[in-house]
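Each of the next two complexes has subunit A plus one more chain, namely subunit B in the first and subunit C in the second.
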Partner chain A sequence: MGESPAIQTENLTKIYAGSGRLTHFAAFRKIPGGLIAPPRPPVHALEGLDLRVERGEIFGFLGPNGAGKTTMIRLLLDLIRPTRGKAAVLGLDAQRDAVALHRRVGFLPSELSLWRNQRADRILRYVASVRGDVPTLLAEANRLAERLALDTTRKVRTYSSGNRRKLGLVIAMMHKPELLILDEPSSGLDPLMQQTFYQLLREARAEGRTVFLSSHILSEVQTICDRVGILRDGILRAVESVEALTHVEFRRIRIRAREEIPAGCLENVAGVSEVRLQGRTAELQLHGDFDPLLRALSNFYIEDVRQHDPSLEEIFLAYYGDGSAVEQ
Partner chain B sequence: MALPVFRETLRRSVASTIYWGLAFAALALLTVVMLPGAEMLQTFADFMASMPLVVIRAMGVGEDLEFLATAEGFIAVGFFSKMLIFFVAYPLVMGTSISAGEEENGSLEVLLSLPLPRWRVIVEKYAAYLVTMTAILLILYGGILLGVFLAGVALDLAVIRAAVFNLFPSMCFIMGVTTLVGAYVSQARYVLGIVATYIIVSFLLDVVGDMGIGTVAENLSYISFFRYGDSVAVMQHGLEWSSVVAFLVAGVALMLLSTRVFDLRDIRAD
Partner chain C sequence: MIGAIFRGCLQGNARATVYWTLAISFFGFYAVAIAPDYEGVRQYATLLESFGPISTLLGVSAEVLSSSSGFVTFIYLDYSFLYYSFFAVIAAISISAGEEEHGILDWQLSLPVPRIRFLWERTFAFLVIFAIVSFVSGAVTWFSSFLNANVSLDFWTILSASLNFLPTLMLVFAVTLWISVVVRRRNAAIMLAGFFVVASYFLNGLGDLVGGDAGAFLRGISYFHHYQRGSVLIDGLNPANMLSIAAVAALCLALASLAFQRRDIGI
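Showing the complex of A and B:
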């Protein structure tokens, strides 16, 4: 029998109740005119997610804020419970075997809040004491802190957001977990530190460990991930290797003619879409062969044709249709 | 390392325990130092005897007014009577921090991603705060001893010790209530609001119930926890062990129930 995948979910669904608990008093909120608004309706944060992440890969979970990325991660860590479906992590049931699982997983939350009045080294010692082998873990934590240029003798409240992020990374990685779950990991890190961070992830992969990271930074995913899952409105839209995604069947084409290209001349040309005309220049998206496009332009004197493969961002926008939700 | 959350909670609570303890000790010390002489005490007892019964009862003094003419009686009325409302502020604040406080500030998310079952977070923190509560009461008792030393008064310290010890079960119970509410409600401000309301209503029911002999108010006062943690009665008649045991058992039972409640719900789902 082969090794179980790092992450496997089946029909994983999470619906947040809109009201009904004491914590949802806030749902009864005042609205202009002094009226009380009704409780919020249930939120379908994640809908029937089937996903398999193999061991030893860096998997990127891509989507805008509110897409369900954090909900998915919190389900994997048993911080929240699924409405339907199940998740297995490293062959263990995410809910039933949560404690055993947490021994083998490192986690960095997106909104990292640590004990503000404590020194970082005290926090590291606390985490090490929960995990067990304190001297070994602290030695690794110090090594990581050194690589990330983090001064651990300071109190957390004196840290910049970038330094807090670094401390979170050290906490997540100090026990060399088999699976690293990182929620928006590089936000707040300066470009130099981002490179160090990417290097750490590559080293983890080289050691056979798995990285599952959520991000809305496309370039980050493109740089370090092997595969990517695209999530939108709680539904997994696609799972592809980054290589396959960046070699999709459409290309961006830029054509410059000697005279103005009239509006409408590129309409209804097979494989052509997203046409933008600007005087003598046309920019378009081409699916399939060049021939129909070249025939449509046969009456024009073409000065220049340039083609570039779409970036992950353009693919991402294509998946989303309306790119307004995408954060850059 | 064994009991990491318990140890860390204790480590982080050292300063606050000292501050709380010193505040209560200072209050006790002042009460003892300002203790009037025997003649004044008798005058005070006579004055109290001239008051309507409802006022005497509202002050938490029982039928035995001669007790007021003693130093212990003055301390009972001046310090322990109704002071429980201040003492339970400590378990209210600490009980809130057990889960809801950490959840609200986000650190619970990191803690629960470690190999640590949820119930252990509650049990170890609760146990740590039982230790700090004990330390606070010891500091309080030290304040009384210092007052006795400075003022040179003769006090029956066994009676004082019983009154101080009697605070512990009530505090344990309130921390159990707060822990349970905190396990269900994720926002600290709601926890504080709900439990503080319960404490204040309990206090008012006790005061009004004491005043209204044989009335609905008196019957209602039986649901107030103040009725069962009366240190004045303890100083007059000794410890009521059934109340002590009931509070301790209830406090621990509520804490255990909160582990179940906490285990069933989503963390930071709002």
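Showing the complex of A and C:
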């Protein structure tokens, strides 16, 4: 069992049923006032996902809104059931062995709601008593709360959204789970707390535990993850180590000169590609050092140089050359 | 750990328990202490009955109202029970569709507890809460009978009346649970379960009004009829009746569990 991967999915597919079974009947469609909504087609939220996450790594699950990240996480936790395929977590079947699995997994939902009128420490005590060993669990919870600077004697209702998130983290981590499943964990945390949080994750990894987190922030994933999976439109586009990705790092540059930049003058400059000229402005991609580009432009009066970090898509386009991996 | 969800549910609803005990006790107190003039009540009831249908519809009859225990039956056990039914509806919604809609179920069901046990421990917690509310309200009613020389209530009678509440409350609870597990939406579930309660209430009265076989049928499909309001004060508990109501409640709970076990959580 020690050798089984932290997460392994096979052809994992989730199709949410569309709405509007009633609207198949013409008679219902005539009901005025929008009482019966028009039918929604089924949503293919996840398509044939094959993923393997090893033990002891921090795995980032990256994708834009609606990519299917939350769907994947809810499947792993048996909150929803797959249309096809299966998932094994820590060597256990996610559906059949859900209870045994939940003992060893910690979960932070992306939108955490708690009982608003309860004090945080009451909620922690409740979770501890459901999980079992109350004194040990509460001791760890208090330790975590202290590190996250969370006052647990207040009611949830009085918490800011960041504090609520911290409470969710404490709930997810208090039993030192072998696998942490975190859905957009750092959203709402200020930069200082983010650092503390990253530190907690690294400590978990040092203890041989596994972290699976979803995010749509590239920089976050780059900071803490060992590997990244890219999900878009329910399809896993790529899985790469962060190291390999940062290796292809490049910048997108936008230059504005006082006079027109002639075509061809930026061709064959080392590290420059994808040049687009438009009168006095040039947009390009730059790999490696700045120097060759600056030398090539030394004859021009440069008014402005802007650099922006490439989007994830751009990095992956670059990484996979013609983008075949990205465009299916 | 077994029992943790049960205890959590009891603690989380401590305040609600107090409020509902106060509300239900008020009916008993009101019935016993505030309306003592049975001669006046009888005249009023006779007057109502001269209108025929309306009085029958509400289940009022001069005969029932003109004895102290009949009066208590009518006010406390009948009226409070309608309110009480809504308590059961709210309770069942709060632990299922309510929490689901608020996203609380998401992290609760990521705890190492089978879904069915989750539902059952909370159902059991509410059985205990209903028992507490019933017995305390019954005790308040009994104590208030000392305030009024016209009323004589036997302690055991009021105790059995409180016991008689429980199976039917669990039935309303289980039906609501089933509805809310199936329809998921909190408001829709409240609407349907509320309809179930109110329709049952009126069907029972309507059955009295219509009479004959049709009336018996109408009463037969209303849980208010099977609850046997008041007859418990006259004839005592009817264990067979209580057990069969409890059995139907258990069946609804089983159906709710089955639906809950199978489906996706979340909206």
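FYI, the second predicted complex is superposed on the first by the 232 of 328 C-alpha atoms of A that agree within 3 Å, B and C clash if a C-alpha of one lies under 4 Å from a C-alpha of the other, contacts with A are read in each partner's own complex, and residues count from 1 in each chain.
Convention: a contact is a pair of C-beta atoms (placed from the backbone, for glycine too) under 8 Å apart; a residue touches a chain by one contact, two chains touch by 3 or more.
Not measured: the values here are computed from a predicted model.
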item	value
Overlay on subunit A: subunit C relative to subunit B, clash or fit	clash
Partner chain(s) touched by A:290 [first = subunit B, second = subunit C, both, neither]	neither
A:103 touches, of subunit B and subunit C: first, second, both or neither?	both
Partner chain in contact with A:111 - subunit B first, subunit C second, else both or neither	both
Touched partner set for A:131, first subunit B, second subunit C, both or neither	both
Overlap of the subunit B and subunit C footprints on subunit A, listed as residue numbers	74, 77, 79-81, 98-100, 102-103, 105, 107, 109, 111-115, 118, 126-127, 129-132, 168, 171
Complex interface listing, subunit B residues touching subunit A	1, 4-5, 7-8, 12, 105-107, 109-117, 184-187, 190, 194, 266-270
Interfacial residue positions of subunit A with respect to subunit B in the complex	16, 21-26, 74, 77, 79-81, 98-100, 102-103, 105, 107, 109, 111-116, 118, 126-127, 129-132, 134, 168, 171
Touching residues on subunit C, where the partner in the complex is subunit A	1, 4-5, 7-8, 11-12, 102-104, 106-107, 109-114, 262, 264-266
Touching residues (chain side subunit A, partner subunit C) in the complex	74, 77, 79-81, 98-103, 105, 107-109, 111-115, 118, 122, 126-127, 129-132, 168, 171
